[in-house]
Structure formats: C-alpha cells, structure tokens
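The letters A, B, C, D and E name the chains in turn, as written, and every chain counts its residues from 1.
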Amino acid sequence: MTDLPMPQSGAAPVPKSSLMVADTRTRRRNAAEKRFRLYGAGAIGVALIALVVLLTSIIGGGAGAFRQTYLSIPVALDAETLDPKGNRNPDEMSKVLTLSYGKVLDRAVDAAVGSSEIEITDLSEKDISSLVSKEASAQLRNRVLADPELVGQTVDVNVLVNGRIDGYFKGRVTMESAAADANTSPQQLMLADALKEQGMLVTRFNWNFITNPDASDQRPEAAGVGVAILGSFYMMLVVLLLAVPIGVAASIYLEEFAPKNRWTDVIEVNISNLAAVPSIVFGILGLAAFINFAGLPQSAPVVGGLVLTLMTLPTIIISTRAALKAVPPSIRDAALGVGASRMQSVFHHVLPLAMPGILTGTIIGLAQALGETAPLLLIGMVAFVREFPAAPPEGLFDPASALPVQVYNWTQRADPAFVERASGAIIVLLIFLFCMNLLAIFLRRRFERRW
Amino acid sequence: ARDQIQIAGSSTVLPYATIVAEAFGENTDFPTPVVESGGSSAGLKKFCEGVGENTVDIANASRAIKDSEIETCAANGVTDIIEVRIGYDGIVFANASSGPDFVFTPADWFNALSAKVVKDGAIVDNAAANWNEVNPDLPEQPILAFVPGTKHGTREVFEEKVILAGCEESGAMEVFAAEMGDEDKAEEACMTLRTDGKSVDIDGDYTETLARIESDPNGIGVFGLSFYENNTDKLKVATMSGVTPSTESIASGEYPVSRPLFFYVKKQHIGEIQGLKEYAEFFVADELAGPDGPLAEYGLVADPELAATQEAVVNETVMSK
Amino acid sequence: MYDINRAESAVTQQDIKISARNVQVYYGDTHAIKDVNVEILDKTVTAFIGPSGCGKSTFLRCINRMNDTIDIARIEGQIRLDGEDIYDRRVDPVQLRAKVGMVFQKPNPFPKSIYDNVAYGPRIHGLARNKTELDEIVEKSLRGSALWNEVKDRLDEPGTGLSGGQQQRLCIARAVATAPEVLLMDEPCSALDPIATGQVEELIDQLRSEYSVVIVTHSMQQAARVSQKTAFFHLGNLVEYGETDDIFTKPQDSRTEAYISGRIG
Amino acid sequence: MPLSWALLASLLLAVAGYLIGRSRAFAVAGSDIRSLHSRPIYHGASVALMTLTPAIIVMIAASLLRMAKALSPEAVGLVGLLALAAGIAGLGWGITRIGAGYQARNVVERIVMGVLIFCSSIAILTTAGIVLSLIFETGHFFQKYNWLDFFLGTEWTPRFQGNSALGILPLLWGTLYISLIALLVAVPIGMFAAIYMSEYASKRVRGIAKPAIEVLAGIPTIVYGLFALITVGPMLRDYFAQPLGLGNSGSSVLTAGLVMGIMLIPFVSSLSDDIINAVPQSMRDGALGLGSTPSETIRQVVLPAALPGVVGAVLLAASRAIGETMIVVLGAGAAAKLGLNPFEAMTTITVKIVSQLTGDNDFAAPETLVAFALGLTLFVITLGLNIVALYIVRKYREQYE
Amino acid sequence: MYDINRAESAVTQQDIKISARNVQVYYGDTHAIKDVNVEILDKTVTAFIGPSGCGKSTFLRCINRMNDTIDIARIEGQIRLDGEDIYDRRVDPVQLRAKVGMVFQKPNPFPKSIYDNVAYGPRIHGLARNKTELDEIVEKSLRGSALWNEVKDRLDEPGTGLSGGQQQRLCIARAVATAPEVLLMDEPCSALDPIATGQVEELIDQLRSEYSVVIVTHSMQQAARVSQKTAFFHLGNLVEYGETDDIFTKPQDSRTEAYISGRIG
C-alpha cells in the first residue's frame, strides 16, 4: 500500500479503473460531498423559508396599514357652538375645544345617516356618532381656525372613520366579534356597509400613515410613522457618519499598525466584549454621558445616534478586522516593495480588498442600529412625539421617536388596530433598511473578487 | 429654552398622558408634549436627576412617590414637587371569550396560586391542578394564570389586594402566622406564588398577556380595565366577590382591586417651560379627567376627589416633606 | 526516431494514456488554446515547452479539469484518459484529479504544517492504514522531492514559512504522495538550484517507470534531459509534437526551430 | 449654532489651505517633482490638516469645558472666533513649512495615524464609560444587598415589599442555556449557508441569497418574539413537550433559542461568506488538484485558513444572543429558573436588566439597582469568555502565504 | 580580477552603494543569515547564488527592510545605503523602499488592471505630471520587461489573469516603473522562457548604467551572463563574494566550487 512507484520492470499492468464508475471509497466521499452540499443548500433554504414566513406574516399583518377608510359628509358648522361670541375672532374661537367640534361632527353624521335611506334597526346614538375618528374634530377645528368665515356654512369634509369600522373593511373586525365588542356593534357595521354602498365611505391608499405623526391610544386610524421616519433617518445619519468611519479607522489601526502586544490584546478583547454588552446598557451610558454629563437634550436623535454609534462600532470593527485579516500579506508586500508607505498600502490595496467584509459589517450593524429600541428607552426616545423635528442640523436636537420605537409602542397599545399599524411600521422599517443597504449591497458586489 | 414639555414615566399612565398631550397640542398654541414611557421608576429617577432644561418636567407614576425618592430628589435640587392624582386603574381578570365564565373570590386565587396552602389545617405545597379543585363552583379547567411580572406595579396590587386578601379571607393567614410566629413572614408566605408553571409571570405588557391567552385558551390573565374594555371581543371578564369590574363599580369602591395613578410636576420648571402649568390644569380638567371625559371613556376610573386635585394644581401646592 | 504521424500509428492503443482532440480553451473572449490534438503516452515523460503565455499551463490544467475552477474559462473538444472522455457528464472530477495529480506553477502550500501538507492527499484517499504508514509515505515523498534533509527537524512548522524553492519541493512531495497515475508538473524546478533540480529530475525518471508524467519547463536542457516526448506550444497552438530528440535535433516547423535556437519568445 | 458656522468656516479654510499648499509645492518643485520629498497633494493635505486640527481641538476643548460647567453657554460665539483664529494660525504655519525637504507625507500620515489611534481608543473610552456608569449604582446595590447572596443565590424573586431574593445564578444559567441553543442553531446553519454561498452557489444565487438572508438581521426582534410566542412556542409544546411529558409551558428555552438562532444566521453567514471568499483561490486549487472533493477542500483547507474571521463572526453572533431581550421575553418567558429541561420557561440577565430598569419599583431600591449589578457582572463574565476565545483563536490561527 | 579583501580597499567609498556588516537574521529560533558582510557596488549587477533555502531571499529582503513585515523575523547588524544605516530609527522605511525597489520571488500582482499595476508606483511617487507621461512610463516599463506586446491590447484586464511568466514580467515592470536607485530581483526569470529571459537580462544590463541591481538566480549561466559581482550563500553564510568571473573560474572556497560544479545543493 505504498504510494510511491517502485520500479517494477516487467510487472503486469495494473488494471485501470474507469473514471465513469466510482470505487467504494469515492462513492463514499461523493456521498459525503453530496450531503455537505445538501446541508449548504438546506441551510440557505431554512434561512430563506424563515425569511419568507416572517415577511409574509409582517406583510399580511401590515399591508392594511397602508389603506384607510374615509367618510365624506357635509358638515353644518354651527356658529352657536363654534363661535359663541359671534365675532369670528380666531383668538376667541380657539377657546372652543375639539370636544365641541366633535359634537358638531356627530350631528353631521346623524344628519347624513338620516337623510340617506338607510334602514337599520336598533341603531343607537352612539353607533352613529362614533363612526368617525376622534381625529376628525381636530382636523375640522384646524380648518375652521384657519378660515373663520367658514363658520355658519355647510362644508364637505372627508374624515377618517373609527378604527373598528376601518378594521371591518380590512377583515379584522367581523359581525361576530363586533357582537362581543363593547366598542362597536353589528348595527354600526351594517350602517358602514350601507354608507359604503352609497359611496360615502371609501377605502383608499393612506399616505397619512407615512406622513402623520403618532396619535394617541384612542385614534389608531390616525397614527402614522412620519416623526419616526425622520427620527430614524436622523439617527442613521449620525450612525453612518460616525460609526462607519470610526469603526473602519479603528480596525485599520488595530489590524495593520498597532504593535502586537498586551495593550492591543486588551483593546481587541475589549471590543469583542463591547459587542456582548446588552444594548440597554448603552442606553445607561448614553444617559450618563451624553445627557447628564454633556448636557445634550432628552429625546434627541443626536443622542440616539451617538448611542447607536457606540453600539454598532463593535460589529463594524469586528467584521472589518476579520476582512482585513483575510487579505493575503503578499498584497501588502507588493505595495511596500514599490515604495508605498504602510498607510498607502492599506488605503490603496488592502482596504478595497477588505471592502466586502466592511460593507457586510456596515449592513449588519446598521440593521441592528435601525431596529434597536432598548437603548433608546433611557434617553427618552421611546416616547410619544407629535411635533416634527426641524431640518438638520437643528433638527438633530429636537425630540423625535424612531421606527422601532413606534413598533414597540404600538404593540403595547390596547386597541387591536395598532397591531396592524405596528406591522405596517415594520414594513416601512424594512423598506427603509433596504434603501439604506442598497448602495452597500451594490458596492459589495462590485468589490467582490478572488485572488 | 426647550419648547415642549418633557414627560417620562409609567407605561400604565402613558395612554392617558398621550390622550391628554394630543388634545393639549390640538387645543392650545403650545407644542404637543413629549411623553416617554419607561416605567415609573425610570421616570421618577429622571425626574429627580435635577433641575434644568435637559431634565424632565413631569413624571408619570402608577404608584405614589416614595419617601426615599423624595429625598433623592431634594438632594439633587428638585425640592418642589406637585403631586397630581389623576384617577384609578382597575385590575381585572379575564379569560378567552370562548372559555367558561369565572366567578372568583380572592380566596380562590390564593388557593390556586400560592406556593403553600392550608389543607385540613396543615400547611402543604399547593397541588391544585384544576380550578374546580380550588372551588367546586369554578369550571373544571386547568389552572394557568398569567400574572404581571415582578417589574410591574400591578403585581404589587395583585399580591396585596387579591392574594393576601384571599389568604386572610380563607383563614390561611392565621395558620401561617401561627406556624411562623411572625406576621411579616406569614404575609410573605401568603404572597409567594407557586413556581411549577401554573402561574406565569409576564414581564411584557397586556398585549403579551392577551397573545398568551390566544395561544393557550386555558389561561386567565390579569389586565388593566382599560385594556379589557378595548378588547371585549376577545376577552371575558371574571367577577370578583360577585362584582363585575367597571369604572363605576371601581369608583364606588365596590370592586376591590384598583390602584391610584399619579403624575408629579416639577414646580421649579413652571414658568421656565412654557405650558407646563397649563398642561397640568388641562389634564385634571373635568372635560378630560371627569367621569364623562375621554379618559374615563378609555377606561380610567375618575377620581371622586378630582375637585381637590384641580385646586391643588391651580395653587401649585407642593408635597410636604 | 519516428515522427508524430508514425508515432500515432505505431503506438498501441493501450499505451496512449491521454489523448486530446480539437481542444479549444477560451478565457472570456481570449482564445487561449487553439485546436490542440495530442496523445500523451503512458510510462513516458512528456515535456511542454513554449514561450511564456503560450498556453502551456492552460492546457495542462485542462487535463485534470482544474480549469473548472476558473469562472471565465470555457473548454471545447475532447480529452480522453484511458479512452474515457474526462469531460463526460458522468465523470467525477474528483476521481479524475486523484488519478491526474498536479504541481502548480506558483507554489501553494496549505497554511498547515509541513507534515500535514504532504499527508493531506494520502489521508483523503485513505492510502495509509495507520500513522506509521503515513509517516513512511511522508518521508518517502519528501525524500523524493529532495526536501527531507532540510525539513526533517521541523515537520510541524507551517509550510508557508519555507523558502520559495522549499515550498516548490513541498508541493512536489505533496503531489507525489497521492500516487497519481498521471502527474502534471507546471515548471516544478523553476525555483530550484541545479542540485535540487537534478534530484527532482531523478524523481521524475523514477516515476516514469510506472506513471505518465507531463512537465512544463522553460529549460530546453531540462526538457532534453528528462523527457521522451516534447510538445511545443506557440500562441495557443500546438506547433509540433514528437520524440524529444527529434524536436531538438531536427524540428519540422520553423517556429520550433526558431524557439529552440532562441530566436522567438 | 455659531459653532457649526465656525466648523464650516474652518472646513472652507482647510480646503483653501489644501489648494494653496498644493500649488506652492508645485511651485517649489519646479520642473522636477522628484526633488520634493512628498507629492504636492500631501503638502496640500498637510496644510489642510494643520488648519483643521487646531480649530477642532479648540472646539472640543470648549465643549468639554462647557460640559464641565466651567464655561458659560454664552461664550459660544467667542469660542467660534477663537477656533477660527487657531485655524488661520495653523494655516499660516502650514504654508510656511512647505519646501522640497519638508516631509509632508510623514506629517499627514502621522496625523492620520493619530486619528486612527483616537478612533480605536473610543472603544476603550466606551468601556470606561460603561464601567463608570454602572459602578456607582452597583456600589449602592451592594450596600443594600449582600454580595454573596447575589453571586451565589439560586433564587430570583424580586418583590415590591422588599426582602427580595436576587440571586444571579438562575439568570446566568438561563443566559448561557438560551445563547447556547441559539448558537447551536445559528452556527451550523450560518456556516453551511456561508459555505454554500461562497463555494457552490452561482453568482446570481449568491447575489440574491446573501442580501436576503441579511434581511433576517434587520427584522425587528419584536417580530421574532411574536413569532416565538404565537407559532413556535405552541408548536413545540403540542408536538414535543407534551407528548414527551416534559411539561406544557408555551414559552421555553428551546423556543427562544430556536427563534434567536434564526435571527443570528446572517451574523454568521454573511461575515463568514466574505472571509471564506477572501481565502486565495490557489489554496483551493492546491487541494482540488490533489483529488479532494470540494467539501474536503472546504473543511480541511479553506475553513482552517478562514478560521480567525469565522470565529469573529461566531463571537459576534454569541454577543448578540447574550444581549437580546425581546425574543427571550416573548419566547422564553420571564421565570428565573435553574433547570435542564429545555421545554421550561427561563430568562436571561439582559431581560432582567431591562425589566428591572423599566419597572415600577422605587428607583433606589435594590430591586432596581440590581440591574446595574447584573450589567456589570455580565460585562465581567463576557470579558472572561472573550479572553478565552482570543486565546483559542491565537492557538489555531493559520496564516496563508 | 581582485578578491574580496582587495575589493574592499580598492573601491572608493563613493562606489559602494550598500554595505552590510555582521548581519544576522533569525526567524524565531532559526538562524537564517549568519554574520554576513558584503559590499554592493553602484552601477553594478550583483548576483546572489546558492542552494535553495540558503537565505538569499532573506538577505535580499533585509536590504529594503521588507523583513519588517514578518513578525517573527529579527535582524541584527548594520546595513548602510549610501553610508546611512537603514535600520537607524530616523530612517523612513518608505523612502528607503522607494529607493530600493524589489521584485519578489513569487509574482504578486495587485488584483487590479495591468495598467494600474504598473502605474501604481509612479502615481504614488508623483513621477508623472499627466496622463500622457504616465502612459509613457507604463509602456516603457512593460516594453523593458518584454511584456508590452502580449498585453498592449488588454491593459485594463486584471493582472491576476495573466500566465505565470507574464505575472513575473508584470512585477518586473512594476518595480522598474518607480525608477529605484537599487533594484532587488528575487529570481526574476524563473518562469520565463529563454527569449523573455534574454530580454529581461538586457533590461538589467541597461539598468546597470544608472542603478545598482541585485539579482538572485539559480542559473549559473544567468549569473555569469548578467552580473559583474557574485555572492555565494550557503546555509545562511556568505561563503564567497567577488568578481563573477573569478567566482566561476577560480572559486576560493571548496563549497563554492562544489556548488558551481553541481556537487552540493
């Protein structure tokens, strides 16, 4: 069983085995190969199936958030209620609260139902009046305050309907569930059906979900992710501008320049350890360092961005270092050999070759940063924010929430309509993530090469 | 200076605070306040961090501020605190709407969930598996209770007003006290829940409890009244000592399990932060916090002594040390 | 002794180890091997010579389908090993490569110990029943490639820490250890001093008694010393193929003559 | 924001400096650029950096002073002017230095190196910051709670009334158990996926599969949590736990571990894929040429060569597993328990840090402060694990070429 | 003409480009270079010969401090370039390497286009004022290394897609393009055919008129053809150094004699 040829003159030629038929060992090895390959495909399959399952559940649950039901009715703007002094002075009129506008709307809905030939028995007062969203009164009030002359006239308004009715058209609420539900009734749903038939109720694409700020627990139909998108955008801006350059710079130093000694070992261990620090601890740090010590404002995207930067740094550093490590030393030698400085050899040759890994780190790091809620808890960004932050740079210091925060908040709310909105927000978040990563993915494919 | 009011604290108070904040923003020229959630503890801690623009103005709490916290506050310069009680949060027991009706007494809960119970005068480990073993009037359904985790203020109320009350009601308290010779120890024994999986702590919120009931219809969950009222199609509420929970029965004191909700205003910020006092007044105004206001509609049990609270807010009455 | 045409008829079927018919290789759009026909005999050393970039390595890599690993490479035509088309769909390239071993032009030791480098092939092919046998194979292969004396005390040091020539010999030892039926050697002595070269040539000569060896070399002397057959490539074409002696003494093609006399490159 | 104006102004100044420096260098060089020590762009860059550095240093110093309340916020305008003045001074000085012998490249590289070092020291600063922000409250905690009970206690039952048992062991066990299961899911799947993508898949498949799998890392964890709670938990309970008589808990270690494992797949797969892809082709050729199958090549040659990076990826995944909350809360429950049964509910340190910090307790009570002690302890434990990991990687590292 | 001792005294200070004194190199515990003293003259081609693994590459890498990049390598002794100690703390290795260029034993083109490979050095050193000048440098270097004809139509294809010998010539072109004062070439012709070898040797000869060239080679003939001075290394020792003619015709040391006559390896 030796491997080396022994000169055996005159020995009979060994019968050659055919290439087409595998011997036992080869068969065994090929079977192992096939298994291995199958495991690989299987692993990808598992991952993709999980992805599909999760995405379908998200999209199935959240697609509804992008459609909303509206009611168009004429509203008589009763001067008595809306302008008790009768002088059309906006300052005085602003003393009239939304509650009064709500009553005006209630009457209008009543009238609209009454004037149409809808015959539904057992229709209570409340069934009719709670048809429209509470948001509607605020809208109406703003409209009237902007143009006091409207008072006394009858205007056509297009208002959101209550979340349950909206849910009825999306299949979330059924006649059976409505029967058990204290907040709506089958009669109300029948009324809605009838109104829909008359064309007064329409369900259409809901831009407001993307542009509106959050709304309180009583108005799920009006809640949107506008502020959250801005907040997330500002934070990602900070993270992108800080975490990626700092992370890459730190990795370059540690991998390419730092003398290999105890001290750099300490830094290395330190960084991998930071990756294992629970994100909420970064929130504790952010509160202590940026708000209490540095005096930055609460709930501000800049603080959120800084905290998330610190949190993503280890991810970026670890992946960048791994990528730098994988570049063969001969490339560095080649550059040094023509008189490039180490800095030049790194920036001109090593870094481009390590780019795929760096971009992967960035993609994963940003995904993590974009989806993280816990650290924001302590710096006041897990909050109900309705005012839009200003444009950057000032806006970085204004209060804002963030997309994952919106998801987190909405999943905690009592009204089931928020469940759909939470999924809708997740869809927005994923789209946001995808847009953010698009460039990185594209670049990564360009930089990928073997040598 | 900061434009908007900054509020932090309890997630139980959060829905009410957001309703008020939203209305406040809509009906006044002040910007809508920012309402953080994060728990009473974290809120009060931030509140007591000091005075200044980057500290919060108001802390929401689902319990009264503790003396030790007031001391910390004072040490950090937060000396003048206005306490505002906004109403009560009812705590109800509910199961899946497809399940049977439950008619509980606190003693049933004690006997079902306590780690140790008294059987024939002796203290034994709780072995009850079905509700009808605890009380023959209850349905034959496995015991599975989703109770608030130890982080929640509701847990305290649950332990004291249901379990402990049940312990006393059923007479087990005396046996414990006799056995342990110490009232405190006996109370602790009463309130120690079993750990064999019949009583499941929920560290999340009521939506998690609801989801758990949906995935295991045998479960009975502990909810806030407002949460239940928003989900009457999925949940069936149980009576406690014969009383059905509702804002009325809780306000009248008939339904025993409830707790007060508060917010605390940093008086030193009034005048510094625009709209702070207006917000506090707006919150407790009858239109909002009264029995017919939107908060009550959402499930808050209006405070019978609301007038006194309104007066305290107007006068900026600070807490006495 | 006999020219290429006579060779084809004179050699019995059994003696032909590898036969290539109309082989074309493209790298993307580049046509690197143009219509090559050649028959490589068993128990013979065949030398491939030709100017740098003419396609020697490319053709060599076709013989054990190493070109499969280059995405842009495309091969046409037929190559038969023992009469079987190696590009047949039923052929397992792994088994093929076990029979047709290769020493690459650039030494590429594994980032493993010297011992593991050599033992790698025998291990995967199960050539040794136990450690002792494996040790024997390793020693024998390293001796064969004239590296044993230099590394016998550092077998567990990484193969990548060797000098250029040592790495080259390590790769030869690694290929020899698997006992292939055909050994393709792409400039195996390029980094070796004359003595080491001599030893490797001796090894090749030994191998010839049982196997078929194909060697790419730039040294005409080496080709003359070790090979019985020589193929001359030029710009992707196989210009001439025949007995080594004939090629060097009476080349048929003017290009061959120009090359061996040092006029074209 | 006057500071941002100052920053903008110094940036403009730096750009001007760059242009001036470069053209001056060209002028000095005359016809033969080789007579310069450094290329003109380095001269330009050195001037730019010399302009920017002092300006930024002034601004940072001023900000620090302001944070330390040593400088009133009104002085901002003055600071801006000062910073600008420093920038102009730097600019002037930088320009005067230009000359044939001036080692501009070295200066620039030294400054860049300074920046690189500064960036890597941010990691150290972060660690220091974390330790500092945890240590005081941890101290308060240990004043109120016996440290032996904390470290050796096997019970975790916080109570509002005080007198809680706050033993870390059940939480630690839960953390390790859940992370282990998550890694047992994520590492094989992730590794195989990486191998398949880098070695077997066509470019197109890889181009789609890789970003697709990365989406798994971007899905908010609450989605995973709900998936665990609603789908996986009941499934494991009904099909495994109950038939096997291992309990009937809807949430379990296994549920959380499995679901978390799925979330972690891209951490292992994407990074490993990059690293595996970076192993030189000649390594593969060497092995394939000896007649090894692709899988043997991968297992015995490519993976060992890629090991350091792969270990980094696995460590990253492990770190995420330890730090994850939502999936554990919803998937594994909130019960702190020491047990071996994977179908039982357990919880982790991180979950308890979050819940104790966001609870309704007295903020100065040990029940809240324990969060800080938990954080610090976890920090120390992971530090230990990382040191071990570093040691192992060092031992098995294989350098190619 | 004169032996090593005479050479030291006869050559004027100005003519000595590089002088090494008591150079020792260790790889970890391995003593790879043992107490080497040598003086390399300006405008001269010096050949390093010796059996594989004797330390030629190691010594070559000392001269431009490429050994700095090997963690385990440790260097003792003094090497002076134009009288300045290159291991002095004040010396910038970058500047040193710009003056002392290197062609490595294993061709290591950048994974960039062929053009960029060659243009890299001139770019970082600012040798070209504009694109035209750069194009000129690239063309000239590629012509010098006898690669121009083969690649002139594919300058933007990756350098890694070249054949072994082409890569080697690309690396030569890359090194030449930076116009170093000293050029260290580690077996620059190992993968080249005789014609290409001849062209590279011609290039070396041209370079000699202005620069100092050190070349490692295994081919005695090549050493004899291109070099004026030859150094023979054996097991880490510099055994003999002197005029090439002398070394090959009347070696002083028995080991040298044995090596050139092909007896030790």
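By our rule, contacts are C-beta pairs under 8 Å (C-beta built on N, C-alpha and C of every residue); 3 or more make two chains touch, one makes a residue touch a chain.
These are the chains along with the protein names UniProt gives them: A = Phosphate transport system permease protein PstA; C, E = Phosphate ABC transporter ATP-binding protein; D = Phosphate transport system permease protein.
Since we're looking at a predicted model, the values are computed, not measured.
Student: Enumerate, in label order, the chains that touch chain A and chain D alike.
Tutor: Touching chain A and chain D alike, sorted by label: B, C, E.
Student: Could you tell me which chains make contact with chain C and chain D both?
Tutor: Common neighbours, chain C/chain D: A, E.
Student: Quick check: more C-beta contact pairs at A-B or at A-C?
Tutor: Looking at A-B and A-C side by side, A-B shows more C-beta contacts.
Student: Name the chain whose C-alpha centroid is farthest from the C-alpha centroid of chain C.
Tutor: Result for the farthest chain: B.
Student: Need the central chain here, defined by C-alpha centroid distance to the all-chain C-alpha centroid.
Tutor: D
Student: Relative to chain E, which chain has the most distant C-alpha mean position?
Tutor: Measuring from the centre of chain E, the most distant chain centre belongs to B.
Student: What is the distance in Å between the mean C-alpha positions of chain A and chain C?
Tutor: 58
Student: Rounded to a whole Å, what is the gap between the Cα centroids of chain D and chain E?
Tutor: Those two chain centres are 45 Å apart.
Student: Distance from the CA centroid of chain B to that of chain C, rounded to the nearest Å?
Tutor: About 83 Å, centre to centre.
Student: Based only on mean CA positions, could you tell me how far chain B sits from chain D in angstrom?
Tutor: From the centre of chain B to the centre of chain D is 38 Å.
Student: Please set out, as single numbers or ranges, the residues of chain A touching at least two other chains.
Tutor: 29-30, 33, 295, 329-330, 341, 353, 377-378, 411, 451
Student: Which residues of chain C are in contact with two or more other chains?
Tutor: 94-96, 98-99, 106, 124-125, 178
Student: Multi-chain contacts in chain B: which residues touch at least two other chains?
Tutor: 11, 38, 42, 204
Student: Applying that definition of touch, give me each pair of chains that meets it.
Tutor: A-B, A-C, A-D, A-E, B-D, C-D, C-E, D-E
Student: Show me the residue ranges of chain E that touch chain D in the complex, using the header's touch definition.
Tutor: 92, 94-95, 124-127, 129
Student: Inside the complex, what are the residues of chain A that reach chain C?
Tutor: Within the complex, chain A touches chain C at residues 1-9, 13, 16, 18-20, 22-23, 25-26, 29-30, 33.
Student: Using the touch rule from the top, collect the residues of chain C that touch chain E in their complex.
Tutor: Interface residues on the chain C side: 27, 30, 49-53, 55, 57-58, 105-107, 146, 150, 161-166, 169, 186-187, 190-199, 218, 220, 259, 262-265.
Student: Considering the complex alone, what residue numbers of chain A touch chain B?
Tutor: 94, 97-99, 134, 138, 141-142, 173, 177-178, 180-183, 214-219, 291-292, 295-299, 377-378, 380-387, 399, 409, 411-416, 419
Student: Would you mind writing out the residues of chain E in touch with chain A in their complex?
Tutor: Of all residues in chain E, those touching chain A are 64, 66, 69, 71, 94-95, 97-99, 101-104, 106, 108-111, 120-121, 124-125, 158, 160, 171, 174-175, 177-178, 180.
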